[in-house]
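Think of it as A, B, C, D, E and F in the order they're written, each chain with its own count starting at 1.
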């Protein structure tokens, strides 16, 4: 079968509003506007590296949504599977983001109650997509929205699976969205559908109540649910503007663990979306090269670079990520002559 | 009784987001943030001219609301009667405003469904305020919100009336908020409570189904409902950036009509809030001078000036309005020597 | 045959750099960056109204070109037929634009010598496109570039014609690019290929040396070259910030002239691209409705609206243009109640 | 007696003009405008944490002063005790501030000669305030202005003392304003009036010519002048953008020294006003809780946070400072799940 | 004798601070910074057209003055005759400018009391300049400053006259600076030194108490004081953003009046400095061509163009002014082909 | 002979375009415009410290060049030796600069092919300059441009040498401009003309193929080519925003090596131009004091400060650099009292 899309994702698309620089939500005259959403970020990251993607969601029809849709297109993500919500009270989810400066921490303020995606149903989605896609991705944020969204997401995972797509899932547990119990019970149901799983060590221990070494934890997901690949990222927050970032991946088929030295001293301009960029880089590696080590390197590099750019959406290219990976592997100083 | 407040208003407070200059909601990187709301604008205008005001409303507790509250305080409006909404899903109403340029018209995009004010009840309000206020103001926009808001507004009008305050009401009919029938039926119920009424000729004819000369229409409100003063503004839109503005007022006690030559060629920077500025100027005149002609002059001048400043909230002062009125009355050229 | 693209255009894509507002190229700290190019503008306009388009061009591979390409995608124009120029000295054409203010006139400063498009050849273009396109558009600016570009453009017109596409051509004569003689001689050669021609009265008289009434002139193009539809726009410049705009179209098949009352008092924010927006609106009308009067109305409305937005690229939608057309036809005042 | 104000301060209010970001006073097109003044900053900080404050000063009547006054009101500080200077040559003090970047240091350029506050007299002040205030604060900067200002400040300290207020004084010695001898002689006169004293170790040693351990020095102020509480802050400047900050407080009644581990690696956005924020936080603690350890914690947290925001005036809230204190006390990593 | 400078002027140099666009002094976060001063503007305008100029003044030594001095150099005006004021309390005059929008008028707020120029004396000035200059210019604003400035200005006029320079004087009467009586008495003393006089009709009638026709008034200055050329500009203010501008000049030697049709519908971006630009253009014409009609045309065109640019200082060139003059004289429409 | 200029430099002047802050060339709406060019930067730095300089180059005549020329004048560099290129296709070289954030590196994108300077010939230059100049400076970037530019530069070095000027040359090897072989062969030819040489250790080893200790390498240039003074800078890049910087100088006459402790933790706002600032500071020291140690200190301080300001062109003063040198030498903490 001919696969038109390398990857398709499903989730909520939101308007992000941020005060410039180190300014605060409660002050100043301006907000920077951006589009965001964990699953859109993943599709956009895969697209930035050169593969073909689409995003499934549901949005009102108005001018501020036109802004979001144009960003989707600018990222090279196909927007034709986004369902239009014609209801009068249809609304776009919004979130406000304020960057931190030690000792004040970054702040996220959500205003997403009643947004259009909450009324989505599986019947609204053009079913052509299930059979022409190589990989489907969604996340725990989508399941946390509950109701129609959760139901539709689970149904979609099944239909994509039947259509021949690999299923990717990022646990992305947020305590502000649902309880650990509800998350654990819900996600456990869908894990048997999953081929590629993203879950952090902290979430594994606290929300999934796993114990033991990290490596044992990762392996246990494969053993319990038949998952092929499990990736765990690790971010060390030195300050709001300086992070370290690395990851570990376990592949069940070869029973192998993969890693590389972490990126250190990342100069964080805007951390939002850097976790999604990891997912994008890693899935790109799997789709393009089928090589787990290379996937890990693309994931780490994508995440490191995404921390240095403003906004959720990736601003990078295959050649840039290649260069970053090469520089990360080299040990010598960069030459001042190469300018 | 000692009246602490010259004027108190009740209505929804919102966040206003606008692209800079002639930019569009659907494009660009920035939005200007401002606070707005018809009744807040009125209180702020009266306060800018030197009287003491407060606003009653209900708002969530978060950083973007802190922005709005600070604007209220900066305008000199007492914010201590704003009720805090502690519910998790509490939200602040938002609206996006795009200025026009012939032939494209200005656009307003509301995102106010489910905002905190909709859960307000009369019991939440500190009842001290009813007896220490000279004038209470609200508008048809507030009644159009329906449910709790409408019920609370009507109850408030009665309590302020009992407390000895004059009642001011701006019909401000918006076809996008409610039908003509619902508006007419609702407003007719509260008109017997009203002392000062603001209603345009167009609204009188279409929504209230009045006929005849404008003067007869204005007079009819006083005759039918016992209203003391009725004011009708008239805006001529030459282009989104050039308006004419004037008004006519009828006072029943003296059976007199008041007017002056309209302001012509107003250079419109941002028209939002200029109708509320008229109400503010006019009410200020009544409260301060008890002189209808002077009230009309303050109303017209406030409205004309408000068209020339960015944002809903008035940016002016008593001395500036005095100068604008004097210049409007003078016929000669302004001297180039007076710089 | 299944036509994938409603319209495809060919021309140079450029970076546009403009000082903000009324600032000057020679002063200030900032330049606004935008993408532009007459033929891109046309494709983008048709796409904004809802049809499927692509643009053919040749560009270097670097970060500033990535900016331009992303704008192409954001406009919904397919960028996959843009050829990459890998040569070391490959460059992107740039132009600086400064808006005017009476009595100083707008200024355009070109820096396009040696840009990548000048090395394009017909062999570089994927020939699939010729048979899957309903309409091909290019302009006199492209022919004026001479050399490879002119040769390739003419060859393309022939190949699209053979492939079954209609050929659209906008004379768009610029005295700064080539002489009247060279333009006349070159364009006369390609007119027999053209189905839809855009040419102004002034250019017809001076460059094409036509005489007589405008209507006779338009008709003469059809008689001499077998053209189906000829459109002539007319702009009256009252000041750099106020224009009137209208057009006349002649259709040979029905021997009919079409027109409507011009748009008056257009508030010009940025005139660049408004001529291309006319072409886009008019071609959209022909492609969508096959109705010349409707095409003229879409052309005029698109052009009028494009004058009110910053940048060359259209920022509008089908529904906005529909509203502008309806308002232009109505004679009454807009209601203040409809907010 | 009923105390209307928790705290009242007296000092000069100024306009602050700063180039954006790391730009320089001598270049660029823009200046950011802000209000500032050590004593205003203190009142505003106490108000931001939830207590009632006012500021006493003297200002001209003009539009740039209106900007300053609105900032006072926006901060929740009562502006009704600011005296209007109607003289023609009345002027507002201005200062230019440029942030540094290693190795260039931050720069302050004062233009405050002849500002209105210099003509203030004790008779201009509404004497109601002396008896309705819990705490009065002023600083060495105010005394350094000399003449009327010094005389009025000292008189005010006495009148507030008589009225039942505690007296707070921040030595805040600036070598650019007066000599060490003049400062020492002047301040020694008023120390017997002081209940709460802020003085740094460096100033104690150099200007006050104290010797011995820091703890002995702090204690000596209490023994010599009958002061109740003495606080000494300590800032370590790692670079213009990274500071450490902590403090030590001595309470004479209990003969106890208080401290906590310093804040390290504060990301400094704008250090101006962070010393005043310490004073505000510490006085808030005393007024609200009467607990010196808690006062020290609020002082340190307020100062640390104020370094991270632009401008002199505090942008924070009680809940934010509570969170910062809690995070400072906790030792574990912050969870990535709590977003 | 070899004349190094075509023109030298003397006056106060100031910092100009303006809110962007239509914003107000009392609101917003930003001020645009510019240098200004009537006599600097004149020197800069003459320099922009290609002649050599210098300005004499006195300024403090600090970073904000460095900004002003750099602007002087950027305009091509020699800054080496600006005297440095080393006194501690030395200050730079500042003015705030807010543009208007009908019906609110533009506002100027001066903060120039005690600025360095007020301490200037004739002895501080390098006397080399008197003999190497073709024309010296100053204005009534300088005389209005009184004290040292007035005395020095008058002394300078005499020394330049002795050195062989023509003396140019712009009355530029401002009622806010001095009374009509003081102005008349002072200026009458220096008129016998003047060769080229700029004075408006309104000032002639009110301040100089002249009567009769404008032409008679202009002629009377030459007859009474031996002045060679008198120029009177006339500005019609249609609105703050639309002016008409023209002038009349009388030359005594040929007993001739000069004029041309006024510029109409000038789109005013910032009117400040446009009167000085007239003086610059007119003096340039005299210096360069010795032709009064041409001088008038350069004066009018310079003034018209200066209204369209932000800031006091001219941003134009000889070639632009030539083009504006040519377009003003031509009667036809501008061709749309010449782009 | 009377030397009018302390230093004259020759090279290309370019327009620099940079996205603000950490934004990327490929995104965002704005570019900051600046003038740049290695040799201009050197002349501007020497001028900022108080000596008289000029720059020789060739530029088109248009508005964007007017921007560049005005920056030259604002820096106090004489622009009268810049030759105007009247050819139609004349163009100004442009470069785009994007700052980095670990792990993405800064990016430079050149668009300088065919710029006007490439057509310069020795005959176009006013030969007066050769005899009135104390020091002539150019760099390897200029030689790398090849053709006319290289030929003219070499000829100029000879003519200045004959005219009595010292010759300064900064090797500034860029691998992107020419090969190591071509650079080595070309530069070796001109080294016998050079009095003051700037060359890094890395370039000496790789491009010049020198071996041994740094000190031996520096000495070898003097021995082989008769050079008087050789300076080698050393930059350690900790991250794009934190550098260390120091230098070593060898003087042949006294056979002495000079150095000081490096500047550490420089907060890099914009590194471009900081190498040129070193050259400027060092040459200033030689010209002003003839003292190599002082020259090294000025060079290091100028470079350190230049890293902290935006743009290529120096924004500093003699007094600031003096203070930075003094602070660098002092070991104690800066007093908090000196504000």
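Points worth noting:
Convention: contacts are C-beta pairs under 8 Å (C-beta built on N, C-alpha and C of every residue); 3 or more make two chains touch, one makes a residue touch a chain.
Model, not experiment: these values are computed from the prediction.
Repeating the C-E interface, with the same residue numbers in over half of the contact pairs, is the pair D-F out of B-F, A-B or D-F. Chain A and chain D carry the same sequence, and matching their CA atoms takes a turn of 120 degrees, rounded to a multiple of 5.
The chain pair B-F and the chain pair D-E differ in C-beta contact count, and the higher one is D-E. Under half of the residue numbers found at the chain B and chain C interface occur in both copies, marking it as a different-residue contact. Chain C and chain F have Cα centroids separated by 45 Å. Chain A and chain C have Cα centroids lying 40 Å from one another. With centres defined as mean CA coordinates, chain D is found 62 Å away from chain C.
For chain D, residues that reach two or more other chains under the stated contact definition are 21, 24, 26-29, 66, 70. By the touch rule above, chain A contacts chain C in their complex via residues 66, 70-71, 73-74, 76, 317.
Within the complex, the chain E residues that touch chain D are 17, 24-33, 62-64, 66-67, 70, 89, 91-92, 94, 96, 98, 107, 109, 111, 113-114. Those residues of chain E lying in contact with chain C across their complex are 21, 263, 265-267, 269, 301, 304-305, 308-310, 315, 320, 323-324, 327-328, 333-339.
Against chain C, in their complex, chain B makes its touches with residues 21-24, 26-27, 100-105, 108, 173-176, 200, 202-203, 206-207, 235, 237, 239-241. On the side of chain A, the complex with chain E involves touching residues 28-29.
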